[in-house]
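Dumping the structure here so I can ask a few things about it.
When the chains are written out, they are named A, B, C and D in that same order, and each has its own residue count from 1.
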Amino acid sequence: MKPIHPNGLHETVADIVRELGDKVNVRTATLDQPEQGLPDEILNQTDVLIWWGHCAHDKVEDGLVSKIQERVLKGMGLIVLHSGHYSKIFRRMMGTSCDLRWRDDTYERVFCISPNHPIAKGIPEHFDLGIEECYGERFDIPQPDEVIFEGWFDIGEVFRSGCVWNRGYGKVFYFQPGHETNNAFQNQYIRQIIKNAVEWIAPAVYRDSMGSPHINPTLEELRK
Amino acid sequence: MKPIHPNGLHETVADIVRELGDKVNVRTATLDQPEQGLPDEILNQTDVLIWWGHCAHDKVEDGLVSKIQERVLKGMGLIVLHSGHYSKIFRRMMGTSCDLRWRDDTYERVFCISPNHPIAKGIPEHFDLGIEECYGERFDIPQPDEVIFEGWFDIGEVFRSGCVWNRGYGKVFYFQPGHETNNAFQNQYIRQIIKNAVEWIAPAVYRDSMGSPHINPTLEELRK
Amino acid sequence: MKPIHPNGLHETVADIVRELGDKVNVRTATLDQPEQGLPDEILNQTDVLIWWGHCAHDKVEDGLVSKIQERVLKGMGLIVLHSGHYSKIFRRMMGTSCDLRWRDDTYERVFCISPNHPIAKGIPEHFDLGIEECYGERFDIPQPDEVIFEGWFDIGEVFRSGCVWNRGYGKVFYFQPGHETNNAFQNQYIRQIIKNAVEWIAPAVYRDSMGSPHINPTLEELRK
Amino acid sequence: MKPIHPNGLHETVADIVRELGDKVNVRTATLDQPEQGLPDEILNQTDVLIWWGHCAHDKVEDGLVSKIQERVLKGMGLIVLHSGHYSKIFRRMMGTSCDLRWRDDTYERVFCISPNHPIAKGIPEHFDLGIEECYGERFDIPQPDEVIFEGWFDIGEVFRSGCVWNRGYGKVFYFQPGHETNNAFQNQYIRQIIKNAVEWIAPAVYRDSMGSPHINPTLEELRK
C-alpha cells in the first residue's frame, strides 16, 4: 500500500505550498532537528509558519513558543492545522484551552460561510471532504474575527473549521482538516485553501515594536 | 388530532413569554388587525417585539416597517423567529438579503457555542430538537456580534441558528427553530431560550435621539 | 484663489483612483445625469463604487438605492466617504440611522489601529490630517467587522473614522475624511488609503444568487 | 494633604464594589500576603477578580497566573484596571503584548460607544474624567468582542478604554482609568462602570471542563 505521507506529513504540506511557485521559498522543520528545527536565524526569516503537531505538543520548548509568539506579534503569519489546535503556540496565541470534543473518523462536509474572504477564493459554498477525524463544538477559542468555514459531520457534530484572528501585527488561521491517516491534504479544495491562506497571511510589513515615538507637539503647535 | 397551535402560533409564543410572570405584560398582534396590530400607541409601549411570519411578508406595510426600525434604534428589543428571517423588518435591520438554503423537514441538533451569553443560561452544550424544517448555510446575514447557537441537520446542513446584533440602542436576536408544523415551541430548551432572550433584549433605557448636545467648552476651559 | 475641486469633487476622487493605473477603469457619475448617472449597464459593470454626497441625499431615487444594494450583495465593493455617512445607500446597508454628532472644522489626527489590514498598507500608526470637519461619537453604526482608523479632534471628539463590514458577497468601507472645503483629498495618506481600499474591496468573484442547488445525496450515498 | 488611597488602592477599589451591598462579599489580596493573597481555597471561591498592578507585574508567580487563567476559563469574571494592561494575567488571556503608548498626565474625556451594553447602564454618552495618565493607541490587544468606551486625551491621543472579551466560560473587561495619583476612582461614572462590570461579569454558572460526554446515538437511533 502506498503511504499517505511518503516523506512525512511535513513534506506533504510543504508540497502544497510549493505549488505557489517562485513566490515562495519553502522549508520544513521537525522536532528532532537541532533547536527543534527553528533556530533564530530561520525563524526570523520566516514569513508564514504552518504548524501541524499531534502527540508531542509537550516536547516543544516553552522558550521556542515565546519566540514564535513574539514573531507573530511582529507580523509573521501562523497557520495551525488540525491537531495543532492543542499545540502550545496556538493556545498561547488564543489565551484559552483550545479544547474540543474529539470523536473518531466520520464523514465531513465543509461549508464556506465567508465567501468573500481571500482564503475562500475559488472554493464552492460547500464541498464534501469525505472521511475525516471528527472535531465537535464547543471549541474553546476566543470569538474569531471571522469564521470562514464550518464543518458538518454525519455523526451529529458541527465545528468552526476555519477561523482567523489578528494578533499584534500578525494573523492566525486555524483550519481543522488534516488527520494523518486520512486524505484531506489530497483534496483539491483543502490544497487551495492552504495556498490561499499562505498568500493572505504573509505580512505586508514587519514592525519591530509597538514603540512608535511619542507625539510631542503642543496644542499650540498643532493649531499653527 | 390535537392542533399544535390551538389559538394560533402567536398565542403559542405568547404563552412561552407569559411564563416570565409579573415581569412581563404580553400582547399579540396579527396582520388582519387594524394598523396590522401595531398602531403607534402600542408600538411605542413595546419593549420587546417577537416577530414570526411566513407567507405574508409582502403584506406588511413599508411604513410600519420603518416605524419598527426606528423603535429598535431607540432601544426596543427585536426577536425574529424561524421564517421571520425573510421578513421586511429583519432584512431592513440587517441590510442583506437574509436568504438561506431551504430544505424540508429533517432531524436537528442544536449546539450552544457561546455558553456564557445570558441567552444560553440553563441550556446544555447541545440538545436534540428532533424534526424541524432545515435551513442551511450560507445564511446571508452580516457577521453577527455573537453566534450563540449552531444547528446540525442530519441531511447534511449546518446553520448559525442563534445570532445577536446591536442596532442603535436596541438589539436583534434571530433564532431559527419554530416551523409551524413541528414542535419546537414545545421543547423545554427552546422555551427557555425565548424567555432568556426576552429578558436579555429588553432595553435598560430608551434614548429619543442620537442628538446629545454638542460639547462646547474650549480647551482653555477644559484645562482649568 | 485656486479652487480645491476644479472639476468637481467627483473628479478629485477619480484622480486618486486613476493613480492605480491600468488596473482600473474609472468613471464618474453625478445626480444630474440621466438615471442619476448609474443606469443598469454601467452599474452592472462596476466593481467598486465610491460614494460621496452631502445635501442631496434625498434626491437619490429609492429604486436606484435598491439596485446598488443588490449589486453590493452580489459582490461589488462600496466605499462611502465623509458626509456619505448619511446617504440612503449607506443607511440601507447598515440598517441603522448612521447619525453622528456634527461639529465644525477643527484639527484632526488619524490613528491606525488595525495596522495589518490591507487598507492600512503604507500608513503610519498615526498622522496629522490638519483641519477637517469634526464628526463625533456616538456614530450610529452596527459594530464594524473591523475598525481600521480612529480620528482624534482637538475640540474633544473621537470617531471611528475607518470601518469595514461584509454585506452579502460584497464589502463596505466607510472613511470619514473628505469635507469639500478642506484638503483631505490632497493628503498623501488619505490618497493611499483610498487606493488601498479600492484594491482590497474589488470583488474576487460575483455570485448571481444565494441559490446554490440543494444538496440531495442521501446519507447512505454519502457513506459509500 | 489627605491621601488618595488611605488604606491602599486595593481598598479604594473594594469600597466601590462594596456599594453593591449584600449581593457581594468583597475581599482584597496583595502580593505580600502568603501565596500572593490568592491561595486555592480563596481563588476557587472567587466569582469576579479585579486586577490592578503597576511596577510589580514580574513578581506575580507564573503558577498563580496559570491558576487564574484556568479559573477564568471555567467562568470567573476578570476585570483589569489601568496599568494592569501589562500584567501577566491580562497578557496571558489576550495572547498579545498588551503594550500601548504611554504619556504623562493630561485631560481625558470618555465616550460610550456601546450604550446598550450592561456595563454602560446609567453612563452618559460622554463624560469628562479630568486629569488622568494618558494611554495611546495602538493598544496591542486582540480585536475586542465589544468596545464600550473610548478615551480622548487633549494632548492628541485616543484609546479603546473599555473593552470586553469572552474567554472560555468566563469574560474579561479591561478599563483604562485608574492611575494611582489621580482621582478616577472618585468619579461617579467610573464607580458606576466598575459596579456594572462586576454585576455583568459574574458567572451565571461554572463548568468544570469542556468534556461534555460524547454523543453516541447512531443515525438510525436519531431518526426513530
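Throughout what follows, a contact is a pair of C-beta atoms (placed from the backbone, for glycine too) under 8 Å apart; a residue touches a chain by one contact, two chains touch by 3 or more.
All values derive from a computational prediction rather than experimental measurement.
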item: Each chain counted as touching chain A and chain B at once; value: C, D
item: Contact-richer chain pair (by C-beta pairs counted) among A-C and A-D; value: A-D
item: Most distant chain from chain C by Cα centroid; value: D
item: Gap in Å, rounded to a whole number, between the CA centres of chain C and chain A; value: 31
item: Interchain centroid distance [CA atoms averaged], chain C/chain D, Å; value: 35
item: Distance from chain D to chain A - Cα centre to Cα centre, in angstrom; value: 29
item: Chain B: positions in contact with at least two other chains; value: 109, 114-115, 125-126, 136, 138, 143, 145-146, 154, 156-157, 166, 212, 215, 219, 222
item: Contact set on chain D toward chain C in their complex; value: 109, 111-115, 125-126, 136-139, 143, 146-147, 150-152, 154, 156-158, 160, 219
item: Residues of chain B touching chain C in the complex; value: 69, 73, 92-97, 99-101, 103, 136, 138, 140, 142-143, 145, 154-157, 165-168, 209-212, 214-215, 217, 219, 222
item: Chain C contact footprint on chain A (complex, rising order); value: 75, 107, 109, 114-116, 118, 121, 124-126, 128, 145-146, 154, 166, 169-171, 203-205, 207, 212, 215, 219, 222-223
